[in-house]
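Handing you this structure, nothing more for now.
Letters are used for the chains, namely A, B and C, taken in the order the chains are written, and counting of residues starts over at 1 for each.
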Amino acid sequence: MTSTPVLERPASPEGRRPRRVRRTTPRSTLTRGAGLGLGIAMLWFSILVLLPLSAVVAAAAEGGWGRYLSVLQNDQTWAAVTLTVSQAVLVTLVNVVVGTVIAWVLVRDRFWGKRALDVVIDVPFALPTIVAGLVLLSLYGPNSPLGLHWAFTPNAVTLALAFVTLPFIVRTVQPVLEELETDVEEAAASLGAKRSTIFRRIILPSLVPAITAGAALSFARAISEYGSLVLLSGNKPYETEVVSVRVLTFIENGNTASAAALASVMLAIALVVIVLLDVLQRRVSRRG
Amino acid sequence: MSIEVSGLTKKFGDFVALDDVSVSLPTGQLTALLGPSGGGKSTLLRIIAGLDTADSGTVSIEGVDATGLPAQKRNVGFVFQHYAVFKHMTVAKNVAFGLEIRKRPKAEIAHRVEELLELVHLSQFSHRLPSQLSGGQRQRMALARALAVEPSVLLLDEPFGALDAKVRKELRDWLRRLHDEVHVTTVFVTHDQEEALEVADEIVVINEGRVEQVGSPDQLYDEPANDFVMGFLGEVTTLGGVVLRPHDIEVALQPGLAGAVRGTVTRVLRVGFEVRVTVRTGDGDPTAVSAQASPETTVVLTRTHARQLGLDAGTQVWLTPASGATTVSSMAPAGRRAAVTSGV
Amino acid sequence: MVSPPVKWGLRVLAVGYVFFLVAWPLALLVRQTFGNGLGNLVDALGDEQVTGALQLTAMIAFWAVVINLVFGVTISILLVRYEFPGKRVLSALIDLPLSVSPVVVGLALVLAYNGRNGLVGPELEARGVQVIFDSPGMIMATCFVALPLVIREVVPVLVEVGDDQEQAARSLGANAPQTFWRITLPSIKWGVVYGVVLSLARSVGEFGAVKIVSGNITGRTQTATLVVEQKYQNFQQETAYATSFLLILVSIACLLVVAFLRPKHDS
């Protein structure tokens, strides 16, 4: 082989064009097959999620603002909204503290039975919600071995919400703590930082996005909970009735318009939480 | 010509990774794509393989226009920097993959896999999983896997980049021998000039998305097209307005030769069998090019030679380029010079 | 790093909280189920209403999991491996079912698909497709609530394994389906398994949305969770406990599968 490679470059004396050109919009990299897959997936997503949710919004919008106001101004509905939001906030705060502690214990502590604790944390997630209510009734119901008769009281709502939201903060904080090397803490300690300082300046800041993401999930779940409350709270108007139950009552009474109005308010809250979550998740975990 | 690339341009957002690149690579040779990190070597290689698409320009392989062809139809062997082994398959299965895709008869596949594992010295590991191999072994497996489909060209993206220096050197020699045996047109990417000079028949120097020079190792070393190529292939220093290699400078204690540059030794550093001498030349010297040109010149001498001359800090010396030295004018456009310093 | 008293304090808080909230109540329920030996279970399994509901739950969970599996893997690959306009919005919307109340899900499906005055229900009914008060609606409700679970498990795994094995396969001549079946799927296998197991647990346990969409017709559209509610409210608590126990078994089995498979394959 004697031929040599040939270099063909337009000989321009001043040479280089500027390397920076104007920003081009991100192009689609879909192949034909991937495009088809996306199309079918989007069709299904629309049939399953988008169309039904727009049906709710459409039904709610039919009555205009007047309907919203009259639904929300109804005393019983307002009581349900207040109860749900305050309980959701309370339970989320409890989770922020206890969930973070549990995550810390799971990552940094060592003791007999830790593995079991790790599995039990997920039980509320995997357990059917109606069964969750039944489970709680066995310890806090009429036959309570502790003598705690919390069924049909606001305490039952707290209990049920705390039960179903238990895994959220634990499971978002745990992986972040795992990645947070003990080296970092030790390095800080070797630099003379006090324990409280290390916690405040090193550990807490890196956990904040994860805790917030978990709290968002926990709050969203709490305000939308239904199944675990059915048997446990008794659904007493003005006392233990939550928003979801209120919506269901509207549906069962054939008052679809009010149901849709209240449901669309809940949807709006869900959307806000999802946007918050999306922003946070980009910081906490990786999603393409 | 085995691979013809013409007018390739590739942008990532607003960043130009390849800027109108044209190059032809002859059949059967081992070519190195050499250049600093981020220069666009991988991008060029991936476009040749069909793993990326260019914004404009054409690629043809063995005379066939491959520009619009997807990777799986190009019959190109690609070896990745981080091996890209199929983790869930045994070594033998990895090597057999391309043949199975091509639905070759079982017996033929088994025979060919055995042959290739022999070639890359991995026969005794055929039933292991890649996770049970060392880095060098994994890379040899990846090479066998690419060779299995009898590719018309073999492309290697920094094949030894993730390995330690010793294994790297072994594999580099082994690649050269393998190429002499198999004779498939091979292009490999490296940013190690020693690797390129030692192994390749031809070297394409790429910097900032452009081809700086194409030539044999000797051509590049002896006739660099510009100071970037010269600087990238080895150490350089400036003397009286030219760029040249520090060991291509003759040192005298008297002003003998015409055009000799006078200077004062400021530092003498012994590194192994060499002595590096720093000479300040700028002051009041009529031959000094300009005020901003570095008034310091580095000279490399053998230990014996330095001792004969009795060099020490403060010694007055006269410097001249050795006869036959490779030199390049240092008065390149400003942009070019910036490229040199920022690129390396 | 943490002083022993603090450490003990945290440990006791964590274990105590989980014990009183989850472990002890769960144990009590199991004890109540076996209050008179195996009697409750035998009675429940002899009750046609219960067995029918269990079968219906199994059928619905199966289809919901299959649909979410296909959809989830497709969307995950699209989100991780491709760029397209609207990707970010899609990625956020996928999580929506996590925060929508099951009651709202049920209402939404009814408003869209009921045969009387739904958005598209009457047209479907005219073509002989009944969604609400029938299995399609129940499967859809279940799909909705479990939608993000596969995606949330598969996406991080896809990111983790990267695409260089897929590129290697393509350079060796594999086309898109071959690359998917031979390379991508085996390397995300465990993520898919976890996603499926979690979806299964969620699908078996769905209550609110299914209650609204199914109409809760005894013997026809009543799932296991609906039976638990009805039996408990009809003072057949033993049957409710026994049915719950069976559902608990399913969810604990799912959890154990995840717990024991995951560490082995993460390392």
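Methods note: a residue touches a chain if its C-beta (ideal position, glycine included) is under 8 Å from a C-beta of that chain, and two chains touch if they have at least 3 such contacts.
Being a predicted model, the structure only gives us computed values, none of them experimental.
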Nearest-to-centre chain - CA centroid comparison: A
Label of the chain whose CA centroid is most distant from the centroid of chain C: B
Distance between the centres, which are taken as Cα means, of chain B and chain A, whole angstrom: 51
Rounded Å distance between chain A and chain C, as computed from the means of their C-alpha atoms: 16
Distance from chain C to chain B - Cα centre to Cα centre, in angstrom: 54
Residue numbers of chain C (touch at least two other chains): none
Residue numbers in chain A touching two or more further chains are 26
Contact set on chain B toward chain C in their complex: 49-51, 70-78, 80, 82, 84-88, 97-98, 101-102, 142, 145-146, 148-149
Going by the contact rule set out above, which residues of chain C touch chain B in the complex? 164-165, 167-175, 178, 182-183, 186-187
Which residues of chain C touch chain A once you look at their complex with the stated criterion? 1-3, 7, 10-11, 13-15, 17-18, 20-26, 28-29, 32, 67, 71, 74-75, 77-85, 87-88, 90-93, 95-113, 118-120, 140, 143-144, 147, 155-156, 158-159, 176, 198, 201-202, 204-208, 212, 224-226, 228-229, 232-233, 240-241, 244, 247-248, 251-252, 254-256, 258-259
Chain A to chain C touching residues, read off their complex: 26-31, 33-34, 37-38, 40-42, 44-45, 48-49, 51-56, 58-59, 98, 101-102, 104-106, 108-109, 111, 113, 115, 117-131, 134-136, 138-140, 145, 159, 162-163, 166, 182, 185-186, 189, 195, 198, 217, 220-221, 223-227, 230-231, 243-245, 247-248, 251, 256, 259-260, 263, 266-267, 269-271, 273-275, 277-278, 285-288
